[in-house]
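Next come two complexes, and both contain subunit A; in the first it sits with subunit B, in the second with subunit C.
Let's turn to the complex of A and B:
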């Protein structure tokens, strides 16, 4: 019987293991950041261990770096300590670090692909759940906790149970690719399969609707696999993948021979068996807006906020969840999504802060002004994205429209640095999680695409971007 | 292992409510514990006792990979979380650092056990006894690797 892409990558990385039991898996790339690594390095020191493969380990600081002037000292003492600790750990253990002043600094899942560190067919881990992003390149990439970070640092391997392959197909090509984005596709998938729909699986996204996407859009899809509970999400590499990685700073020297191998080997066989399947047609996908407190609580921009009964379809816990979410979000069932007014706009995060995201958002706001009731900011995903955007003059478009133009980092996606919502503030956010308090205690998050966020910034409320001229 | 149950009758309790992002800079586990469940239940810290269990619905611990989540619960005194299902990273984090036991239960235990009930978990028999109500439920057995990691006292002591 044939194998899925996931099974091929898995099998080629088993150091020891049994068919249906636990396997020791080799890790090709380990990405490290300041928040989930300090205890792991402490553990190495306590046990007098070294980092086994510092050459396969790359670090940056992203979660709690300030996004304002990098020339100023960091005011938050605890953030400052965490950043200094990473510097010291990387120095002590010989790990390459892109520090706060590096032109390569940025969100770990933005810089990996940009630097050519992310490669098809490889295994990639990081102490961050959105490591699934790298699956866009046909890599098996997943988030791990700090104990596992220590295990990988010490051994370059991990003990894992084999997840099940899950096929998600998106059929058809987008008729309006500027308005219906990768974010809308992935939010629609999560809305349909649920936040636990992918538990215990590795999703392979397939079909014309996926092949049609650019690499940056594919990253948005794979990024949110974890929001469906999946261990990882991946997409078979194709010529777009190989073109994207060619000639980057860390792209291997024997790249073309690798590409030849990947072309032959990195796809699911025709007779491969997936444990689970789900199919969605692109024509059924509209711009999405989340209304609740998990990414599955999402609807079309043209819909109204659902009642707990409509949402829960008879499940009592889901109903309670929806009631609590509506209360937290201060929303009433039946309210048209387009009538929801917002206070803040955040264009950023490992989901949607790449160059293409900023280009698309800038088309909406060019020559316009942010609504006087709204405070809006753009936080590029990396310093390289920022530089490329500035070379295109995008910073000027955003600044002229009264957006704040910031330095790279995770920023308001998770509220670890000073970029947070005040209690009660309502934000149109291009990030990945609308959990209670995620963007600051009492803050209310609506997940949207970059174009939907930009349009909301100008109008002060959500609008259907399909009605706008985006050509 | 006996203890009393704190029940949250909902699904999708995420790591951001278990330990909000702003505390991921806190390295003192005792201090971290004072903020456990703060996003969902601000009274949690005052009501939780050493040896308590948490009971909840599906997809417990979804979201971030932060090991701070099981650490904050564990240092609050929580010895086990019983849930209808768990998010994968939280589940592994709980056992890798030997912080707490993640116990998968069925609907009978979820509905049968009430807030405050005293229960006795016997992982050798995959059984949960409700001492308050005099009922017995089955828990889902641990997989081979999870069982061995628990037995070994964490990932670094695990031998296949």
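Let's turn to the complex of A and C:
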């Protein structure tokens, strides 16, 4: 019987295989950031252990960093300590660090692909659940906890139970691909399979609707695999993948011979068996807006906020969850989504802060002004994205429209730095999680695409971007 | 790591589904560089109001549960962020067993690194356990939960069971396979980053 792409990558990384129980899997790339690594380095020190492969380990600081002027000192003392701790750990253990002043600094999942560190067919881990982003390149990439970070630092391996392969087919063609985006595809998937729908699996996204996407859009899809509970999500590499990675700063010297090998090997066999399947038809899907407190609580922009009964379809626990969510979000069932007014707009995060996201959003913003009731900010995913956007003059478009134009980092996706919502504030956000308090205690998050966020900023409420001229 | 063998206590019922790790430990407490002391931040936004006064309608603020070591929660517990701080907080607060119909993958794996036993049971059994007012006994060796009226068997992977029972250091175990790791590296096709 044939194998899935995931099984091929898994099998080629087994160091110690067992029929029952976990296998020891080799890790090709380890990405490290300031929040989930300090205790891991401490563990190494306590046991007098070294980092086995500093040459496979790359670090940056993203979660905590202020997005204001990099020349200013970091006012939050605890953030500052965490950042200094990473600097010291990288120095002590010989790890390459893109620090706060590096032109390569940025959200770890944005810089990995941008620098050619992410490679097809490789295994990639990071102490961050959105590591699934790198799956867009046909890598097996997943988030791990701090104990596992320590284990990888010490041994370059991990003990893992083999997840099950899950095929998600995205079929058809979007009528307006500028208005209905990769974010709307992945939110539609999560809405359908639920936030636990992918638990214990690695998703392979396939079909015409995936092949049509650019690499940056594919990253948006794989990024949110974790919001469906999946261990990882991946997409078979094709010529778009190989073109994207060619000639980047850390692209391997023998790249073309690797590409030849990948072309032959990195796809699921025709007779491969998936344990689970789901198909989404995208010909008629609408832009999506989340209304609740997890990414599965999402509906079309043309719909109304559902009742707990409509959402839960008979599941009493889900119904209770929906009641709580509506209460937290201060929303009435039956309210048209387009009538929900917002206070803040955040265009940023590892989900949607790459160059293409900013270009698309800028088309909506150009020549317009942010609604006087709204405070809006753009936080580019990396310093390189910021620079490229500035070279195209996008910063001017956003600033002229009264958007704040910030330095790179995770920022208000999780609000570890000073960029947070005040209690009760309602935000249209291009990030990945609408959990209670995620963007600031008491803050209310609606997940949307960059174009939907931009349109909401101008109008002060959600609007269906399909009605706008986006050519 | 401290071994886990057996515990007896009353259960703390947390009647919520999809409890994400942002709720277990909110982000403002992730800036610490050590593993200890996270218990006071556990479920912080559910436990305290904006002035940091206890919200008495939240179960952890009911003194009846002060010495509970067993948390019984809803489906998909621990979803979202990979932060191990969530497990450190549960452990530091005093929980050593979490029972739910299902767990998110990364959270589940993090538990075993810190001596916490996560047990998945059918929804109906979980709901019954949430009603249990008498202490229950969780015995890992025998894979049983004893209540005042019932004995429930639970499943656990034998490797994970061993790790908890013996409090094993994962890395020391892995070092026994050093020769295999080196051998793998020699034939690996993936070049180094630098």
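Throughout what follows, the second predicted complex is superposed on the first by the 468 of 471 C-alpha atoms of A that agree within 3 Å, B and C clash if a C-alpha of one lies under 4 Å from a C-alpha of the other, contacts with A are read in each partner's own complex, and residues count from 1 in each chain.
Everything below uses one rule, namely that contacts are C-beta pairs under 8 Å (C-beta built on N, C-alpha and C of every residue); 3 or more make two chains touch, one makes a residue touch a chain.
Note that the structure is predicted; figures quoted are calculated from it, not measured.
Superposition of the two structures on subunit A leads subunit B and subunit C into a clash. Applying the stated contact rule after C-alpha superposition, one finds that A:155 touches subunit C and leaves subunit B untouched. After overlaying the two complexes on the shared chain, residue contacts for A:444 are found with neither subunit B nor subunit C. In the superposition on chain A, contact of A:183 is made with neither subunit B nor subunit C. Contacts of A:229 after superposition on the shared chain: both subunit B and subunit C are touched. Touch counts on subunit A: comparing subunit C and subunit B, the chain ahead is C.
When the shared chain is aligned, subunit B and subunit C each come close enough to touch A:416.
By the touch criterion defined above, A:122 reaches subunit C but does not reach subunit B. By the touch criterion stated above, A:375 is placed in contact with neither subunit B nor subunit C. When the two complexes are superposed on chain A, the residues of subunit A that touch both subunit B and subunit C are 16, 21-22, 24, 35-36, 38-39, 47, 63-64, 76, 78-79, 81-82, 127-129, 143-148, 150-151, 159, 161, 195-196, 199-200, 226, 229, 231, 294, 317-318, 320-321, 324, 414-416, 433, 435-438, 441. Looking at the complex, you find that subunit B touches subunit A at residues 9-12, 14, 16-17, 20-22, 24-27, 39-40, 57-59, 62-67, 85, 87-89, 92-93, 96-97, 143-145, 149, 154-156, 158, 160. Residues 15-18, 20, 22-23, 26-28, 30-35, 45, 50, 74-76, 79-85, 87, 102, 104-106, 109-110, 113-114, 123, 157-159, 170-171, 174-175, 177, 180-181, 184-185, 188-194 of subunit C are the ones touching subunit A in the complex. Those residues of subunit A whose C-beta lies close enough to touch subunit C in the complex are 15-16, 20-22, 24, 26, 28-29, 35-36, 38-39, 42, 47, 49, 53, 55-58, 63-64, 76, 78-79, 81-82, 85, 96, 117, 119, 121-122, 127-129, 143-148, 150-151, 154-157, 159, 161, 163, 195-196, 199-200, 226-227, 229, 231, 250, 252-254, 258, 261, 294, 317-318, 320-321, 324, 414-416, 423, 433, 435-438, 441-442.
Interface of subunit A with subunit B (complex): residues 16, 21-22, 24, 35-36, 38-39, 43, 47, 63-64, 76, 78-79, 81-82, 127-129, 143-148, 150-151, 159, 161, 195-196, 199-200, 226, 229, 231, 294, 296, 317-318, 320-321, 324, 414-416, 420, 433, 435-438, 441.
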